[in-house]
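After this come two complexes, each holding chain A, first together with chain B and then together with chain C.
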Partner chain A sequence: MKVRRFKDSLATTFIRASLVFVNAIAFVIAITLFMKTRPILAKTTLSHLLSSTSWHPLRGDFGFFPFIIGTLEVTAIAMILSIPVCLLSAIYLSEYAHGRFRGFVRLVVDILAGIPSVIYGLCGVIAIVPLVRILGQALGSPTTGYSLLAGGIILAIMVSPVITSVALEVFRTIPRAARENSLALGITTWEMVKHVILRSSLHGIIAAIVLGFARAFGETMAVLMVVGNVPKVPLSLFDPAYPLPALIANNYGEMMSIPLYDSALMFAALILMVVVGGFSLGAHLILLKIERRGYV
Partner chain B sequence: MRSRRLEEQIFKGLMIASLTLVLVVLAGIIFITIYKGAPALTLSMLTETPKGGYYLGKEGGIANAIVGSLYLGLGASFCALLLSVPVAFGLQKEYTGWRFASFTKLVLDVLWGIPSIVYGAFGFVVMAYFGLRASLLGGIIVLTLLMLPIMVRSMEEVIRTIPLELKEVSYALGTTRIETTMAVVLRQALPGMVTAVLLAFGRGIGDAASILFTAGYTDYIPRSLFDPVASLPLAVFFQIGTPIPEVQERAYASALILLLIVFVVSIVSRILSHRFSKHIVR
Partner chain C sequence: MPHISLNNLSISYGNHKVLHEVSVDIPDSQITVIIGPSGCGKTTLLKSLNRLLDLNDDVSVKGNVLIDGVNTYDPKADVLSLRKKLGFLSQRPYPLPMSIYDNIAFGPKVHRLTQEQIVQQIRDLEGRSFQVPERKNGAMDVLVESYLRLAGLWDEVKDRLRTPASRLSIGQQQRLALARALAVEPEAILADEPTSALDPLSAQLIEKQFKFLRNNYTIVVVTHILRQARRIADYVIFLYLGELVEHGPAESFFKSPKDERTRAYISGEIS
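What follows is the complex of A and B.
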């Protein structure tokens, strides 16, 4: 008996220690990035870093504004393109499609969510970039195709599995009785969706969108390959942009040779971590609430 | 009434159009990769490492990247498995209070969402601090961090579905916590845990941003943990960036190989979980 007790307490200690360890990892990452950004924050102010448009690392001049705008605009285009399409698809799957078809599409979407981002990037280079070039010429703004719009389209494709599957999960948590009650009043399915489904799953829809946003905001490789990477504030959809993740990925090589450059890049990583972490924390809190209450 | 019917028809049409669009675009991604990659895929691509002048379009293959990716993926999956099993078990209420468990789950969810480039930057800083150069070891460590939340969260989802009665029966026999965990919980959750590992492996092997700084790139197959290592996602990325058409062809072939690995892993995991789950008490 003593041996069994001892084994149990040993195992329990180990398990609890590993739990603490996992939490510690998160804090170590956050603290490390924060410590690394201190040199640059000591030299300039936060507001200058965020609002200056001048990017000259050799002169010690780090203005993140073009990169932040680039990230926000690429993400915004992706969200505008993908949200309506994904929500309509999720509604169809949840309310109109047969269970079997729904299961099939869910499987396909799950598999597609696992496609590596370089492959999306590659397809972007092969298909989207020439398409954007033709579109740009047709609209009278000549472009190489490597542009804000191309990045946005690729991101929209990449986040669509995420938004669709989370929204579908949320719609399925709504009890069948809620649907039947309103259908029994003789309304059409779309009216039921409009008045019952969308209204009662509003929080969940927001969570799905936020998770998609978080994914898009930090996506590196696919965007990097199609977005053009010119550190200027883009003035039109067909101008190249330079999002934050691409900035980090492209410049790690010179990071150690220019003073403060590593600190500046870590500042970019910290922005990504704080924004994405904050948004996904919010989304998961909403989803947790939905899970606990059944539906909101 | 007619306008209501019309509204219904319009929206139903829009929904079908949207769903078709999503599926067609995603199928298009696969189609393009296969269409472009298949002609460029030859046996020597799979079996040879790059020779002199490879990046100018001469002889050689990407065996270095294939083997490198497998080393990275398998090594990181193994490390992440060792770490995530105790964590996933520890999230049960026998081991941890409800508050700490849900806090940990939330932390893991947030970690899951953190962009892989941030893991890469973090790994680079830590490695620079310890004086490590880009190496297989560095790549494995960063990928382990990336896989950990995926594995733990998916394992925990499975462990949570085990009926409480089953555990209670075991405890009623006078077992200790770890005995019940190993005899009942582990056996019940095993299929789900296998799926979790394969899911994380698929994510890890396809990730480029995190290993860009930490694993490096080389034309050789690494001989030790401290050698730099090539990987398929980076092979795609570097080769598409060159202006030479023959090398770009090889990027397509590399992408196809990567896609095939990810798909095989994903499909195998689904088949396994389906087959194993026959012997589970629900």
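What follows is the complex of A and C.
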């Protein structure tokens, strides 16, 4: 008895310690970033840093607006492109396809999810960039192809396996009775999907999207390779952009050689953290609201 | 001609044959109970009637099921309108992810009933004319109330029609499912062990509701509880290992079973 009690308290302590440790990491990172950004905040105001479009590190001129816009736009394009396709694929696999086909596609999707970012980037340079160049010329806006659109497409392709597979899992956890009860009313499969399956799984779908993009924000490499990396606010889909992760990854090597540059990059990291955090928080708030309505 | 009749119906999952040449007519406006030990194919038989079996991969069906003379398994059959004729209650109720009110209004809305059709439907149901309230959705409000009353749920939910249906107790959810099924005007109700997840009191309410509805609907109930079968059955179908062993009016079935296996099952020797 004593031994079992001891083991129990040991386990409890260990679990608590792990929890504290994990949370402490996030906390330490945030604090460190904040401390490191203090030099630049002492020299310029926060609102200037966030709203200025002029980026001249050598002159000590740091305007982050183009990078913030670039980040948001690349993400928005990726979401617009990926979410409908992923959800429809997951719906097809879950509600229309044969079980064996579903199993096969699951395997393929898992393999896709495991491909390293660099490889996606290379494929993007080889295939997507030229495609965007041709598209741009056809639409009358000449472009190198290294652009906002190319970045968005690559990001969309990269988040698709995760969103599809999580959404599929979510759909498959809906009990059979949901389908039987609704189909028995004489409604079509699509009506069932629209009114019952999607509504029942709203929670999980949002989680799938958050998971996909939480991963995507970290996968800088591929986007960086196709997005052009010009620190200007992009005025069209075919203009180059410069998202925050790319800024950090491209420049951390020389950040010590220019005064305040290191602090500026830390500031970029902090903004990125806030953006990602805001994204997750927003999703959580939506979930809370849905939960309170109690329909899921 | 009976509403529902099965001819030489055989069903397999992959290579596993679970129903062997079942032929039976299901009498109209009565409660038909399908009994038999667990795994004997009761659920399979019931779901073959409205083609919910289609949700399974690798099912093959031979023979046919006639609903009002139309073969359900004819490739040209209109599955949607066939399903609409047969209301269905599953073993565990599933409240649709919407309010109590919308659960009932869902069927009529998806089938795009016009105001006049709704009014006509209520008239047919209540057997009398009535005053449509002036307000928006007045007719639908009356329809929802009528079906909740018909399922014996109205008094319990009338003050919280707009709350999510998932907050009802499981017994209430099953009666809600009944009201929802009735609201698309089926001719028959199919129920797969509808009380197995319910407490005894809720089960009793469902049984009571079935007895009340039997004059106007053909009701088919699957159960593995003999006592329930005795309580509600007008007609009994006994399945054993995928075979139709015996069927007949409840009285003679329970009093003087013809087959040895039926006798053994009724006396509790096999289960």
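Note that the second predicted complex is superposed on the first by the 251 of 296 C-alpha atoms of A that agree within 3 Å, B and C clash if a C-alpha of one lies under 4 Å from a C-alpha of the other, contacts with A are read in each partner's own complex, and residues count from 1 in each chain.
Convention: contacts are C-beta pairs under 8 Å (C-beta built on N, C-alpha and C of every residue); 3 or more make two chains touch, one makes a residue touch a chain.
Predicted model, so just to flag it, every value in this text is computed and none were measured.
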*Which partner does A:E191 reach: the first (chain B), the second (chain C), both, or neither?*
both
_Which partner chains sit in contact with A:A177 here, chain B, chain C, both or neither? Use first/second/both/neither._
second
*Considering only touches as defined above, state whether A:R199 meets chain B (first), chain C (second), both or neither.*
second
*Now for A:A127: first (chain B), second (chain C), both, or neither, which partner does it touch?*
first
*Mind working out whether A:H56 is in touch with chain B, chain C, both or neither, as first, second, both or neither?*
neither
*After lining up the shared chain so the two structures overlap, which partner does A:P245 touch, if you call chain B first and chain C second: first, second, both or neither?*
first
*Using the touch definition from the top, say if A:H98 reaches chain B (first), chain C (second), both or neither.*
second
*asked:* Shared contact residues on chain A, chain B side and chain C side combined as an intersection?
replied: 187-188, 191
*Residues of chain A defined as touching chain C within the complex*: 98-100, 175-188, 191, 195-196, 199-200, 293-296
*Mind listing the chain B positions that touch chain A in their complex?*
4-5, 7-8, 11-12, 14-19, 21-23, 25-26, 28-30, 32-33, 36, 83, 86-87, 89-91, 95-96, 100, 102-104, 106-122, 124-126, 128, 145, 148, 152, 176-179, 181, 199, 202-203, 205-209, 212-213, 233, 236-237, 240, 251-252, 255, 258-259, 262-263, 266-267, 270
*If you look only at chain A, which of its residues touch chain B in the complex?*
4-5, 7-8, 11-12, 14-16, 18-19, 21-23, 25-26, 29, 32-33, 36, 84-86, 88-89, 91-93, 96, 105, 107-112, 114-123, 125-127, 157, 160-161, 164, 187-191, 193, 211, 214-215, 217-221, 225, 245, 248-249, 252, 255-256, 262, 265-266, 269, 272-273, 276-277, 279-281, 284-285, 288
*Spell out the residues on chain C that touch chain A in their complex, using ranges where they run on.*
47, 50, 52, 55, 57-58, 80-88, 90-94, 96-98, 106-107, 110-111, 163-164, 166-167, 177, 180-181, 184, 190
